[in-house]
Amino acid sequence: MSGNNPRRAFIAAAGAGVAGLGFTAIAPGLHLMAVASEANAANAATETRKAGTAASPAVRWGLLIDANKCAPGCTKCIDACHTENGVSEQLPDPRQNSQWIRKIELVDKRNGRVTQLPMMCQHCANPPCVDVCPTGASMKRADGIVLVDRHTCIGCRYCMMACPYKARSFVHAPLTEQNPEVPRGQGCVESCTLCVHRVDKGQQPACVESCPAGAMTFGDLNDPASEIAKRIASVPTSQVRADLRLNPGVRYQGI
Amino acid sequence: MKLLRILFTSLAALVAVLPAPTLAGEGGRTAKPVIEIANPGKCVAPAEEMRRNHMDMLKHQRDRTLRQGIRGEPASLNACIECHASKTSGSVLGGKENFCQSCHSYAAVKLDCWDCHQPKAGFKAAGVRP
Amino acid sequence: MATLNPRHEEGFFYLLAGIGGLVSAIGFAAALYMEHSGHVVTGMNNQIVWGLPHVIAIFLIIAASGVLNVASMGSVFGRVLYKPRAPLSGLLAIAMLSGGLFVIMLDLGRADRLMVAATHFNPTSVFGWNVILYPVFYALVGVYLWTMMERRMNPFSKAAGLATFIWRVVLTSGTGSIFAFLVARQAYGTALLAPMFIIMSFSWGLAVFLVVQTTMYAWNNLQLPALILKRMKNLLATFVAAVLYFTIMLHLVNAYFAKNIAFEYFILFDSEFASMFWVGQILVGTLLPLALLFSPGSRDKVLWVNVAALLVILGAYYQLYVFIIGGQAFPLEIFPGYDVKSSFMDGAVDHYSASLPEILLAVGGLAIAFTMTTIGVRILHFLPQDDLAELEAAASITD
């Protein structure tokens, strides 16, 4: 779980120290899950993963977004995402609506240059939302997809305080219009799942598929032969808030 | 967890036993589940086992699917719905005869699944951008 | 206060306990309503995710550990004056922590899953640490109270007091760390917050203690000895000044960092929070109490010392409001150097106003603390019994 992240390993050790003062019995359960997923690591990931096999840590799913191709006024990716994931609530206060993906317009303060880009969960390798979650509901899958386990999310919103990308939404009202493959509900925090239900079937995320300009590329960052890895190796790309060293799985071009 | 379940079961048994004297001989007043089986046929396990263990099967499956990404397991909530949704309402919830609600209201066990999961078979959300 | 006749006194107690219980129940009902309808009925949203309930809850939790300081002064640092005050301080600590946890737990999106919080532990989460810190605090304070109130357990009182003192320092560090361990927002993410929260707890806890103590003395037609008043108000003034020092350092260093200048300007000068900071926190919560505690006309009057303590509590509310709500109202700086616009409040300042249900929930937490204190001081022996001769002897040595 924390092998490749010295920062988290350190905090975990400190936390385990606190736990050791009386509650050690609870902590081990957490590690069992990590061990179990490592046991399945041998199953190499192809585009379509076989039934019964676990997501592989050899894979790191990522997105490359070319902001130069992102057209002003176009909201295709947002519509596609919210249709795919059944995000449709219209609350009286729009600030309480969930937004898994949003269009951001950037205006350079020095020269007025305008840039458009879609923003969503950046699927960090070292996600602060996972660090802060008291129950472990906020989690990172072996293949790098950051998810919320709504079965254990208690709705404390600490992850929303911790996310530097404002990627998460809290479901403020009861829902009935969920898509069967995308469960979501009142009182839990949620965010972009990288369309995990599609990715597991060998499909691309809905936003990627919908972009008329082909501004988004999805693929395995760890596979040197993948298109995304080749592009990242050949053109200058950037990570948002790279200063935080969170190593996001979503990369941008043209910002 | 097992301990908790034993505790709750014995509590439930106690509650069930307590009002028994007043209801003796009035069996008609005790509501029995009226399950409507939309698609009679083979389940992933015998009915006896399903009745007793479906919650455990679903719980372990949900953790494996969500946390490890294992797909295509026999126990799956969506698969339950596909078979057991009512032919008339298309849902496992709604009324006394609907599959999940029927037993759960009889056993007085709160259904937590449907706060997040879609209870209707083949449902397709419209999806409007906020 | 005029002498209460015993029958009226008893009626008055039931009235107070009844009002406290009723307000607590209304708070609980408000939480059920929020749980049923969702947080759509609150003023909180996806930008300001923690609102008034968290301001009140965090005040209660900080003050709860701070009020225990009175006991620690007696048992750990051997100050004779504070020893008879230790039981009351323990009771207040438990009452206020209960009120705070009541609010914070019932505000959860899935308050029904409290068991999940208790059975799933994430060692990297400061919230996770707090899930352990609170129950152990309860247990330690409970044992400490027992060692003080049960004569046969008295010999263990000092050890229990020391353990409780250490734990309360850890607990308040844990509360401060909730904000210290956040990389995302400009308002938080500094190690200073842990010690700052401890000093805040000293100040606010002592202020609460002074007010409760005065009320109890007045209820029993007693007068707080002048020596005790003098000592406690001097201590309060020291703590208030220390909080001011931390506040100045926090903002001064932040304002030097170019990346934080916009935020500092926002919180100190250009927002609804600026007036709360300058008037609420600095003037009403700091300077006015300091003036009252030091001015020759007011410093030895029970009334004015208590007014000062109440002002400190009011200032605490503003301080936390500015810190928690103001810190979230300022937009996240995701793209430094750009003007940012989106449908999700990127680059935009948010405005928060608490709705009735969340106000009722927050007030419910205060009512829980009030009710537990009222009933506690009634059924058990918590009124400080001072041995004045011993005190004066001690004073002549240390003064």
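Side notes on the structure shown:
Lettered A, B and C in written order, each chain numbered from 1.
We adopt the following convention: contacts are C-beta pairs under 8 Å (C-beta built on N, C-alpha and C of every residue); 3 or more make two chains touch, one makes a residue touch a chain.
In this text the structure is predicted, and so the values were computed from the model without any measurement.
Within the contact network of the assembly, the step distance from chain B to chain C comes to 2. Seen from the Cα centre of chain C, the chain whose own Cα centre is farthest off is B. Chain B and chain C have CA centres that are 45 Å apart.
Each chain gets a centre from the mean of its Cα atoms; for chain A and chain C, those two points are 36 Å apart.
As a whole-number value, the distance joining the C-alpha centres of chain A and chain B reads 31 Å. Those residues of chain C in touch with two or more other chains are numbered 343. For chain B, the set of residues touching two or more other chains reads 130. Residue positions 94, 97-99, 174, 186-188 of chain A are each in touch with at least two other chains. Note for the complex: chain C touches chain A at residues 35, 37-40, 45-47, 49-50, 108-111, 113-114, 116-117, 119-133, 136, 178, 181-185, 188, 328, 332, 334-335, 337-346, 350. Taken in their complex, chain A has these residues touching chain C: 2, 8, 11-16, 18-19, 21-23, 26-27, 29-30, 91-99, 102-110, 115, 119, 128, 130-137, 152-158, 160-166, 168-174, 186-189, 240-241, 244, 255. Note for the complex: chain B touches chain A at residues 62-64, 66-73, 78, 81, 115-118, 120, 122-130. Residues of chain A that touch chain B in their complex: 33, 36-37, 40, 49-55, 75, 78-79, 82-90, 94, 97-99, 139, 141-143, 145, 147, 149-151, 174-175, 177-181, 183-188, 196, 200-201.
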